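In what follows, subunit A forms one complex with subunit B and a second complex with subunit C.
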Partner chain A sequence: MNASAVKDPAAAAAEAPGILDKSVKELRALGDARHLSLNDAEWAVIQGHFKGLKREPTLAELETLAQTWSEHCKHKTFTSPIRLTEGKKTRVIKNLFQETIVAATQAVKKPWCLSVFDDNAGVVAFGKKWALAFKAETHNHPSALEPYGGSETGVGGVVRDVLGCGLGAKPVLNTDVFCFGRPDYKGPLPEGAHHPNRTMRGVVAGVRDYGNRMGIPTAGGGLWFDDDYRLNPLVFCGTVGLIPQWAVDKEVKPGDFIVAVGGKTGRDGLHGATFSSANLGEDAPTSAVQIGHAIAEKRVLDALLRARERKLYRSVTDCGAGGFSSAVGELGAAGARVSLENAPLKVSDLDSWEIWLSESQERMVLAVPPKNLKALQAVFAAEGCETAVLGEFTKTGRLVVEHRGRPVVDLDMQFLHKGLPRVEREAVWNAPAPAKPSGGAEKKASLVLREAVADLNVCSREWVIRQYDHEVQGGTVIKPLQGVRHDGPGDACVIWPQAATGDMDDHMGFSVAHGLNPDYGRLDPYWMAMAVVDEALRNLTCVGADPSRAALLDNFCWASPADPKQLGALVRAAEGCRDAAKGFGAPFISGKDSLYNQSKDEKGRELPIPGTLLISAISTVPDARKAVTMDFKGPGNALYLIGRTNDELGGSLYHKILGRSGGEVPKVSPACALEGFKSLHAAINRGLVLSAHDLSEGGLAVTAVEMGFSGEFGCLIDLDEMARDPRIYSNETLLFSESPSRILVEVSPESESAFLRHFGKGAKAAAVRRVGQTTANPILKVVGLDGSVVMEEPLRELKEAWQKTLPAVLG
Partner chain B sequence: MNVRVQPTSTHNIEVRLRPEHSDAEGAAALALLVAQGMPSLREARVSRVYEVKGPISAGQVLQATKDLLCDAVTQEYRVLAPVNPPANGMNFWRVEVWLKPTVTDPVGETVRDAIADMGLPRPDSVRCAMVYRLCGRSNKPQLEKAVSKCLANPLIHRAVVTEAQP
Partner chain C sequence: MKKPKILVLRAAGTNCELETANAFRVVGGDPDLVHIAEIKAGKKRLMDYAVLAIPGGFSYGDDVGAGKVLANQVRHTLTDLRQFVRLGRPVIGICNGFQVLVKAGVLPHSNACDQVASFTFNDSGRFEARWVHLRLNTQSSCLFFKGLPEMIELPVAHGEGKLVLKSPRHLEDLKKTKSIALQYVTEDGKLMGYPHNPNGSIFNIAGLTNPEGNVLGLMPHPERFVASHQHPNWTRQTYRKQAIGLEMFKNAVDHAR
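Now for the complex of A and B:
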């Protein structure tokens, strides 16, 4: 497409909406009509700024400000002051992000954190020469409207984040975590909303097609079902990239060319950033939804990494929300001059502001020294990838955009990036009164177990996992499905990225794991945050990753922060993150928040999602050859339970099955937990552990069943041997309590003493107890506190129940 | 390379599994439609239509179809007539699901580039549609509603339901 085909951009100036004389009400109406998502205070600042300049803003300037100041780009809720009322006390949090997530990272001071919070992804060292870039993002609103395209572009976006981190990291792993309404939901839905079944099928297909076509293994993730997600599904896409340590830093110098590479610019994806900063409703702009082009992104990836090796550019970032506007703004904080006529276009009738703001996929922006331009163009041309010089970076402190000689944007960078007014928000948190468990009816433990393994939040995820290529690149050492029939539920994957490093003699790998449990958050978001950090770390530990080298990503998905109660819960969760990170010595390296996840239901009532926090953890596996899976390896082996069991059934699967409410939400003691994790890691690293599996939803009973049917061996468990709160007299509590930090470990008889020596003085704190042994007969036999047999269940039947749930509800 | 400039024209090619092969995509589509309250549908077969526009002749499009779009062992193709023959009213339906013109069509773009890579004239555009050939008692409004619930998203797709030949 040549520039002459573009219509006269004078239209941009002519379309200047005129805001200087408008009232607050008129500005609101303008914002609503154009999906700008600006609040009154922001409108007032913009109006004041342009009154000072004695001119009206152009449409492109307004759109640029709206995108740059959107919740999506500036994380206003996390960075604005919050007045939190807790009971009768009130305190002001100046900057929630700085005081929780950043403060924790600064407190734990890990020298192996190479880049935190600055770049498109967090970066940690991986050996001496390499580093891992890790990022997880959500694509919730687009996936609610168009599940396939929304999730596809979610994967594409996070892959580009990693590609735009440092001077570019090679993606070596994709992860996916989804929260949906039940696929067999029978209730009414508002007009236009997709049924959760359709949403799930579309989202899984989108992640599958994009990841598989790009040749990136999708080997980690999770699923959570709750009907409160039926209108607002959550789609978390993550990517890990491998980058040489020399390429972690980047810089832009005045005079560098602004070069756009990859896809052409179209009308697709307009208003994506502002769209995600609003409640989802019927008037969502259709242009915010796109279909991804994985092959185009693969070409960008290949060309970019080749250009990186030749050091042909000085900096890179992806075109995400806000398109060229945010990409150029991010790179050229000191100033930039852009000429839009050089941008390759999909259609000729784009307005100037549309070219500038379009979020068309598969595009990156580079800062290229003029002397390298020809060589860079040749590298991209060889991959059939377009390049276009959009302008140059300057040191004027101004963002100047022109289109065919006419000014489109002329903004002060300081105003653009620092001018956002910080509006104090109100938050309320009332600690829930301790409530004794109530309601529901008692059920036999064996019946509860059958329901537990078949529960949607426990059952086999094979239907999803088998759609993904988790083997491509040939480095997936521990796979998502494990056991003798390759269908058991693994805790985490282990990747040996030899295809990227090219070093077959270095056996260091890495692992990625997740923690998520919104049911705990309904009782107390603080303890939910602690619990999900713990869950992510114990999953890592189970496969052999080093818990003391773990780094975390936070992804908060919440309803509208305009509701003080929602914001209060969000603050509480962020403070839980801070305390967990400090307690475990695990720094946050990156993260993201997605707010306004609420919609009007079929009766016009607001349906908020439950406050949801996904913690993604990454750590190194010193020797990937020693990584372990979760399936029992043979009969006659000892079973050790690490961690103490308390009466913590609040928010548990057991209570859900019984229809019971209240109870104590599981509480984490990071110091004790970390002691146990470290000791187990040392034992795994010495080859003393045959299998390990964490205790989460459904507690010890579900864990033992999963390990048993995956390995096709049974086990005998004596509940009286468990390290526990002495006030527990109930077998069911011991079987189904979801006390955190617990791991069931299989150890061969000859390794038992060596295994226990690893726990040494910490054995008491870590509460390591031999609770049973594996058996040849695939039956779960549990002996209760009084010595009687509580249950004796054939594992084959339990496995069938575990396997058939998801295919059955999907129909 | 000596490329003769062709006048701009539009070619529609349909590629589908040979009837002797079972159609897993069709079975999945049928299950989704039945779940949407269409129990009288008995069979669904899936094919793809490529709309190729540009300075490329019918012969060149056929060459691209044989070499690029159609697996000669399991699939067959046909050139679609500009106007469909009249339907016979025997409960055969044809549902075409196209991406709206404003939505990027990655398959179409890739096919366009691949045709050019074969040394043939580069089409101006290629768009790809999913086609569902259904058999069973139904009516058009009912079918359109069911399609919009499971096979097409009205936000990005244009679904065309017509009565069809067997």
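Now for the complex of A and C:
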């Protein structure tokens, strides 16, 4: 940059911190002071680049580089080389993301994947005319600092991702999963940390207020409680959008105007991208959390989709982390010229770099052909939505930003996007030695069952779900709460997007489900990944979605990857994802990672979260009128259990209740699982299934209880009829094992033979067995291996226990 | 057959307009989504339409009170609304639309166009979404209810749904003029508290009509029950029910023909 071009030397000096002569230590100090989260190798490359240019970088340039190269934006851990030591062997993974997630998607090759990994959301075909855009991401660090604002803007952000996917998809479902410390946590907390109870209330309220105001149904989420999340809550926000297939592709042409639409730019949300790429501590910048305004975003939504129908713009993306810097950079890889004085501001005293990097909410950036500008401005004005021409896209290969005639950024796009040095990281994985279950005291099965249904990770989520408008848009045909009294725990929701398609004669629907279980990850992250993919797919299958049309999203939340053990576990989980996706033939279409989820506890010790993987699956329901709920429908119906039960109680709720450790982690056989899921799907499509519910935490016992009290019928189950490992001699193991891939299904006596025919040759692999029947009396009666009655429990009391846990701690 | 034109009113934060328009379309109406700014600018005229629907949502974020800002705009922009009502043309306000009709002084009917009712926060202190049992006032002349059974089910979803009246005298007036259109009840038709009455509304009122019966305001969402598989218990054979919401839209369209 030419120094003579600078009009205001004082301002320019203030904006140029001077890095050329600084030592490594001084650069680190500068980075810390400005929350840049740059490592030594990155500083060296930046220093070298500007030494070559023979000038100091401006502050705005440093900030732009730090944001673009942040973990949040570049996913450095997943894309840099990793040297993994397993026992005595060492191997190098060049690019974890490419070698696991992308490789699996390429291997399963599904023609209905319309856009994977490169847009703001993954896109799959939905019928011939439409497509579904699906994205889930986290807003963990902001939600830890300010639960309400953090979760609100988490929802707002992922909604904009879907709006900014292709030429814009209409959001038709929000789905949110949270991990918190227990809301009744009584231990100490470090200075400044929120109690998990307050965090949970704030997060739920934020998601509620933003989603409800935008008129997007919120359904099909999940909750997980574990005290290791008390300082680092996880807030996963997901959105599904409906988009016409013609609008999936976008392009930017040189000469197109860069048009910002929506909210004004303020000082809120500075350093969001870089701050989420560091461990969370007391010194977290308060300005990093943005302020949400749902109605401003609703205006953008209304205007954008109207402009899309008239094809007034060529491309669009959202302003997320990094604000204009990342949005303009993403769209204009061939070059862009921006004049910051054109940006509408909330306050007039913003510095250039603040305007450029601010993460103020509800803003999007469009590429608009000059001839369409007037028409586009009229569409947005009609919705009361502001537009501003920031500049134009060029083909110079340079990112040029000016402010009141003064150049503030002049960077080579190639250096900005490709200049990031790849630093090899060390990772260690030591396979845990198989440990025999030990410790804890035996308990009567009926007492374990009572504790299991009331456990925080099993109990009713009604306290949360009722606060969400899960039926706006009139398409939630399978609701999150099911059964006679609309309060039973559904496996997934089914959405019939009639409001968005405008076609009430098209009955195709879709379903979204999740899988998450950090307790398995504590034993082996590989099998955790397999188990949670399985869980998401079996939940989808239970409601009538097609398991062979399922697409997946991955969201890894981990502690610091600077710890080789943490990184080793992360590699192991990613490899589990790869093998599960290949085994189930389910491609990944999008994903995210959130690292550095660890903080110092009250004694100054690092408290990492347990390695957590959320798998979110989406699939079509060929005819939403054939969907299935989980409540028993009547007495005298046959109960079939699909899937084999093994002695693998490691990480199970049963062990937690007994205070027992060790044991085998549950293992998945994707081929057998898929056989069962596909056969069940065919039977559901033929109308042969009355109810279906998956087996997860608490195993068969909890599943049977939930189906019973939701339908207000009982059941009789004979454990000796279960397909199982013949070495199991314990009734408790059969009742509470969490072997994956299992589903309990209710079939009327007249449909039994037709139902079984659908399993055909695969019946053996799917391990489908008649294990009992439903009864008129709402009692769970279980006959054990020796023919004696193991338990006879009234379901009404179990339902009360299941329902009162959350209200008791939240009010 | 003639397709009556339906004005489905929009503003920033309206969010149930598409499903409301779909419901009218299915029963033979010709819905038009109209932003209130278009009326203000004179591009669209209320009197060109046969039916007015104000759908649910959070107009202007419900800042300063649910529906309040849009209600003021309705007062000052839809100045021919009184005439529209007097001509007997159907008007339906759903959820936020009901709040707008009440705060604009359209419901309950008063000759002086005064606002005699309002809404406040649910007794539970929270936004809640659930299906409720409702009893229709068979004595009212509400045209939307023609041919409907006395006991129906619909979903509610709101945080500020508790109807309050200026004075007890107004409740007597409502009863006398048969203006109470819908009440929250138990499955067997009794007036009970929470959760049957989801918000604590006075006298369990869920909806109001005018003495002539051509204006209906209600907190529940009939546009979310226009197909039988929108009912929460449609997967249970014994519960399969007629899609009651659709009948309300059909009655309005039939009346307008």
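Simple rule for what comes next: the second predicted complex is superposed on the first by the 797 of 811 C-alpha atoms of A that agree within 3 Å, B and C clash if a C-alpha of one lies under 4 Å from a C-alpha of the other, contacts with A are read in each partner's own complex, and residues count from 1 in each chain.
The working rule: contacts are C-beta pairs under 8 Å (C-beta built on N, C-alpha and C of every residue); 3 or more make two chains touch, one makes a residue touch a chain.
In this text, all values refer to a predicted model and were calculated from it rather than measured experimentally.
Undergrad: For A:499, decide between first (touching subunit B), second (touching subunit C), both and neither.
TA: second
Undergrad: Output check: A:129 vs subunit B and subunit C. Expected answer is one of first, second, both, neither. What do you get?
TA: A:129 contacts neither subunit B nor subunit C.
Undergrad: Is A:804 in contact with subunit B, with subunit C, with both, or with neither (first, second, both, neither)?
TA: A:804: touches no partner chain.
Undergrad: Tell me which of subunit B and subunit C touches more residues of subunit A.
TA: Partner with more touched residues of subunit A: C.
Undergrad: With the two structures laid over each other on chain A, which partner does A:384 touch: subunit B (first), subunit C (second), both, or neither?
TA: both
Undergrad: Is A:292 contacted by the first partner subunit B, the second partner subunit C, both or neither?
TA: first
Undergrad: Look at A:346 in the shared chain and tell me whether it touches subunit B only, subunit C only, both, or neither; answer first, second, both or neither.
TA: first
Undergrad: For A:470 in the superposed arrangement: first (subunit B), second (subunit C), both or neither?
TA: second
Undergrad: Could you look at A:486 and tell me whether it touches subunit B, subunit C, both or neither (first, second, both, neither)?
TA: After superposition on chain A, A:486 lies in contact with subunit C alone.
Undergrad: Name the contact category of A:631: first (subunit B only), second (subunit C only), both, or neither.
TA: Second partner only, subunit C.
Undergrad: Would you tell me the residues on subunit A in contact with subunit B in one complex that are also in contact with subunit C in the other?
TA: Dual-contact residues (subunit A): 293-295, 384.
Undergrad: What part of subunit C is in contact with subunit A in the complex they form?
TA: Touching subunit A: residues 10, 12-16, 18-19, 22, 25-26, 35, 37-38, 56-58, 60-62, 126-131, 155, 157, 159, 221, 223-224, 226-227, 229-230, 232-237 of subunit C.
Undergrad: Can you list the residues on subunit A that touch subunit C in the complex?
TA: It comes out as residues 208-209, 212-215, 293-295, 298-299, 302, 382-384, 466-479, 481-482, 484, 486, 496, 498-500, 502, 504, 624-625, 627-629, 631, 633, 691, 711.
Undergrad: Considering the complex alone, what residue numbers of subunit A touch subunit B?
TA: On the subunit A side, the touching residues are 145-146, 148-149, 194-195, 197-198, 266-268, 286-287, 289-296, 346, 360-361, 384, 811.
Undergrad: Taking the touch rule as given, give the residues of subunit B at its contact with subunit A in the complex, in rising order.
TA: 31, 35, 99, 102-106, 109-110, 113, 149-150, 153, 155-156
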